[in-house]
Amino acid sequence: MQLGLVGLGKMGFNMRERLREGGHEVVGYDPRPEVTDVPTLAALAEALDAPRVVWVMVPSGPITHDTITALAEELSEGDLVIDGGNSRYTEDGPHAKLLGKKGITFIDAGVSGGVWGLTEGYGLMVGGSDADVERAMPIFDTLRPPGPREDGFVHAGPVGAGHYAKMVHNGIEYGLMMAYAEGYELLAAEELITDTQAVIQAWSNGTVVRSWLQQLLAKALKEDPEFGEISGYTEDSGEGRWTVEEAISHRVPMPVIAASLFARFASRQEDSPAMKAVSALRNQFGGHAVKRVSESG
Amino acid sequence: MQLGLVGLGKMGFNMRERLREGGHEVVGYDPRPEVTDVPTLAALAEALDAPRVVWVMVPSGPITHDTITALAEELSEGDLVIDGGNSRYTEDGPHAKLLGKKGITFIDAGVSGGVWGLTEGYGLMVGGSDADVERAMPIFDTLRPPGPREDGFVHAGPVGAGHYAKMVHNGIEYGLMMAYAEGYELLAAEELITDTQAVIQAWSNGTVVRSWLQQLLAKALKEDPEFGEISGYTEDSGEGRWTVEEAISHRVPMPVIAASLFARFASRQEDSPAMKAVSALRNQFGGHAVKRVSESG
Amino acid sequence: MQLGLVGLGKMGFNMRERLREGGHEVVGYDPRPEVTDVPTLAALAEALDAPRVVWVMVPSGPITHDTITALAEELSEGDLVIDGGNSRYTEDGPHAKLLGKKGITFIDAGVSGGVWGLTEGYGLMVGGSDADVERAMPIFDTLRPPGPREDGFVHAGPVGAGHYAKMVHNGIEYGLMMAYAEGYELLAAEELITDTQAVIQAWSNGTVVRSWLQQLLAKALKEDPEFGEISGYTEDSGEGRWTVEEAISHRVPMPVIAASLFARFASRQEDSPAMKAVSALRNQFGGHAVKRVSESG
Amino acid sequence: MQLGLVGLGKMGFNMRERLREGGHEVVGYDPRPEVTDVPTLAALAEALDAPRVVWVMVPSGPITHDTITALAEELSEGDLVIDGGNSRYTEDGPHAKLLGKKGITFIDAGVSGGVWGLTEGYGLMVGGSDADVERAMPIFDTLRPPGPREDGFVHAGPVGAGHYAKMVHNGIEYGLMMAYAEGYELLAAEELITDTQAVIQAWSNGTVVRSWLQQLLAKALKEDPEFGEISGYTEDSGEGRWTVEEAISHRVPMPVIAASLFARFASRQEDSPAMKAVSALRNQFGGHAVKRVSESG
């Protein structure tokens, strides 16, 4: 089918390719002339036959909001907008309302798979009406991995449910990564273990902990044993924070995912103000030596 | 090749079957007459051609220790004993020494895969000398999953390294399970999500969190939606505790796996003494109502 | 000085008493006829000489908002409203703005001390302009504990800072209580310790962990050894949740306070959905027995 | 009464002074000639009238063990040895047995108070027989803070109970310090708060979080605002590790104290191997940029 695609970055660019390989007619728009198919959003709208389906794949936050606001101007009654970015689910309702004023409908789509999605397919979690989801299904079926639809695609609920499911997916991802990371650190610290990479590689088949992340960890260690070239400084892109905030809102205990999030915060600190306070306290009551800043390695 | 196998419980029974299907000659011993091949350990030793290889697959702790001690009596110089149970790695050195006095060598083998190992193969992590590991390789190759050896088997280091790697594997397993569990709880608490099972099922392909445990969680939810039949009471079998103890010993921060362990402890308490103390404190300073025991649901 | 006081519940009632003992003229309003001094908010405004100072001491949330909105109607330019409840600091700005439209100024005051404040004085953290804080200082000086002002009172910053400081105070309180509670549980579990209450009592002088909470814990244990009459079910009143949310917003690692918050959430669950998931997973891969609901104690 | 005191370091030196001020006759031994009263342990034994009481105040671990072993040689039946160091409680039984072979009895004494003990008195938690504790009571009464005995001293149980209580005391201390530290970090990060030190100082009276540690934190911040001179690098002296290990052994959930311990481990790492693994994983699946070591600040 025909699809407008706004945003041709790392994700959108690959998705255009996968969709075209799947036989769809994709008109892509991006402000960068070297990748775009049309010069403006208006030209995108014009290039598509009504009723249109337009997929938005831009960074979450203000850029997504501005893009959807602009699309509301360019599109018409009966069109459908899909937000495939990592928007917070709380933004989906307002976006649906904004578009709804012009008779445009809305789907939020959580997309997982990163750079591997082009070849392996993207895991999709979508929210919206049955009719809208049905309408976009040819697109979803091409983007998702081959195999049974229910193993790589879910219509998770009404508007917001797709991004909610993706948010939880990413929160879990934080916890999984940290569990492997802690185990890796312990293996690497133990002299009995002669080859940490080989141990993690050997978990690829038959074990309880086998997973895609486990295989990526084995691969990463093969490329850079002991991670000598990598700093522990780790960004977080929002979903982890939102997941813990949702847990608080729902009164759900979430020690593991929260600890994983806090470890990322800590990884980005030059030094920990909290630990300075602890060190200062020990000095106060015990006369324990503190490490002066000038001694720091 | 020929193998003695001591312990024909849930794991050992299946392993005998897989090994026989793989063409090995297995003589199994178990105190239960209905499953054993020979009536006594002495008969087991007699039934095997020297030099023998005997795999011990009994519960970790005193039973493993007593079995190995008894085997030291029945076996002879040049024989090899493999402890495939979930022994703490600190017991491997003493067992190797005990057997070594009689010229018997020792391998510790961590075995993962549970009830699925019979058909899918077992993930194996072993510790011991190169010569001993080479000698038992036909057994390992049959037990492990098909595919490249390094994806389901590792010679992790000297005696102790196999159980160490398995211990860390299980520690990671605790963290992974808890990460999925926290995410599941949040999804189930959110009204937008119309079908929690379907969301988790849809993570099977293409997503970052896809894994064997994720698929098992989807399967479990299909069998018992909302886990109406299952209590949260969760045992722990030792490896999680040992992993955190090792982390402490190595000064490795381990917030995620420790939190997962503590959640299991808490799941087995009728009520939390610590939270009683918190509740009592709030009552003391704030006059906050406490819930009396008689009010408990 | 003269003060209007809205809300004569557990806190407000005691504060009126402490202020009157301190020589202030307090006109209290409460919907309950048995405690109020005046029948209506309008009557309160009339009973006070302009420019008025009115302290609001009602439950945080909608009731505080409605009270301040109503006061904006009854009061006049030059009056000062102080919100002494546990409002979230984000509500202070809007309240200041609402009142400011009529020329009424605003102070937010975090008040700590609970039922002990009447006799010991209340710890005060306030936010507002220098002029407003100076104006209400006679009230603050009577409410706060005797001794140097800076040991029981702080002008923490502009509007919002008082409730922010109180929020963090309460977040810390969660962590402190949980630290004592965990220690208590361990002591109570250890056979070597013959009298847990006596140990905690003995920390009252000379030790590093001596504190008011420590003394309250010793007192609570004296009244109810082993907390036989108290359930672990523990409410949380908002500040703990807000503190963790602020930590997330500021990218501050907060493992201890977050863990304390999650322990409260868990204390209110009949059974843990997350641990049901973990138990179901163990059953899936290991054939480990699960505890059926019908077996639960 | 008369007391032998072995070890005149930071703690022992002050204790000798406090005991002498209290009217006791103290013979101190230390390998450093400038502080010792006698040249050897043998001379110490000779200088005391039998039956003797000897207090050992040396670093925990091998030095304590060697000192007690040496004392067993020098002392005689009917003498009493008190280990006042931070020994792990599991060492107390063997020490009691070692001394018991010669008819020498044993008390383990946990001592809290640090450098402040000299003037304020030491919090004491002791384990041993009633008769032995009674015998040494004059010493305990002088060392402990003035006031009711039960507020600064406890006979916690048989041999081992004193060090156990002290271990838990220190575990709690870790949690308390971290709770304050997290709150401090959040306050310092929030622009609304104009003076973090003043806020913490103001918690000294009337608040729920008032404590000795809170006052020390206010004091430390007064001396070094923003802790500009202090590194977050924080040692741990063993009791925190042991407390978490005991929690594991007793199946007591201990998230807060464990998190505090892990934060210390992390504070001593140049970079986190675990976070390197997380960062590497994000790079693998998402093409997320990693911070190269050469970019680190």
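For clarity, chains are labelled A, B, C and D in written order, and residue numbers in each chain start from 1.
Just so we're on the same page, a contact is a pair of C-beta atoms (placed from the backbone, for glycine too) under 8 Å apart; a residue touches a chain by one contact, two chains touch by 3 or more.
Every value quoted in this text rests on a predicted model; they were computed, and no experiment measured them.
Participant: Could you tell me which chains are in contact with chain A and with chain C alike?
Facilitator: The common neighbours are B, D.
Participant: Tell me which chains count as touching both chain A and chain B.
Facilitator: Correct list: C, D.
Participant: Suppose a student superposes the Cα atoms of chain C on chain D; what rotation angle should they report, nearest 5 degrees?
Facilitator: 180
Participant: Which chain's mean C-alpha position is the greatest distance from chain A's?
Facilitator: D
Participant: Taking each chain's centre as its mean C-alpha position, how far apart are chain C and chain D in Å?
Facilitator: 32
Participant: Once you find the CA centre of chain B and the CA centre of chain D, what distance in Å lies between them?
Facilitator: 38
Participant: Per the centroid of Cα atoms for each chain, what is the distance between chain A and chain D, given in Å?
Facilitator: So the centroids are 46 Å from each other.
Participant: Pull out every residue in chain C that's touching 2 or more other chains.
Facilitator: Within chain C, the residues that touch at least two other chains are 114, 178, 180, 182, 185, 189, 208, 212-213, 252-255, 259, 262-263, 266, 272, 274, 285-286.
Participant: Spell out the part of chain D that touches chain A in their complex, as residue ranges.
Facilitator: Listed in rising order, the residues of chain D that touch chain A are 10, 114-116, 177-178, 180-182, 184-185, 188-189, 212-213, 216-217, 219-221, 224, 227-235, 255, 259, 263-264, 266-267, 270-288, 290-293, 295-297.
Participant: Report the residues of chain D in contact with chain B in the complex, numbered from low to high.
Facilitator: Checking each residue of chain D against chain B gives 208, 241, 244-245, 248, 251-255, 258-259, 261-263, 265-266, 268-269, 272, 274, 285-286.
Participant: For chain B, which residues count as touching chain A in their complex?
Facilitator: 89, 112-114, 117, 120-125, 127, 144-147, 150-158, 160-161, 164-165, 168-176, 178-180, 182-183, 185-187, 189-190, 192-195, 198-199, 201-214, 243, 246-247, 250, 252-257, 259-260, 262-263
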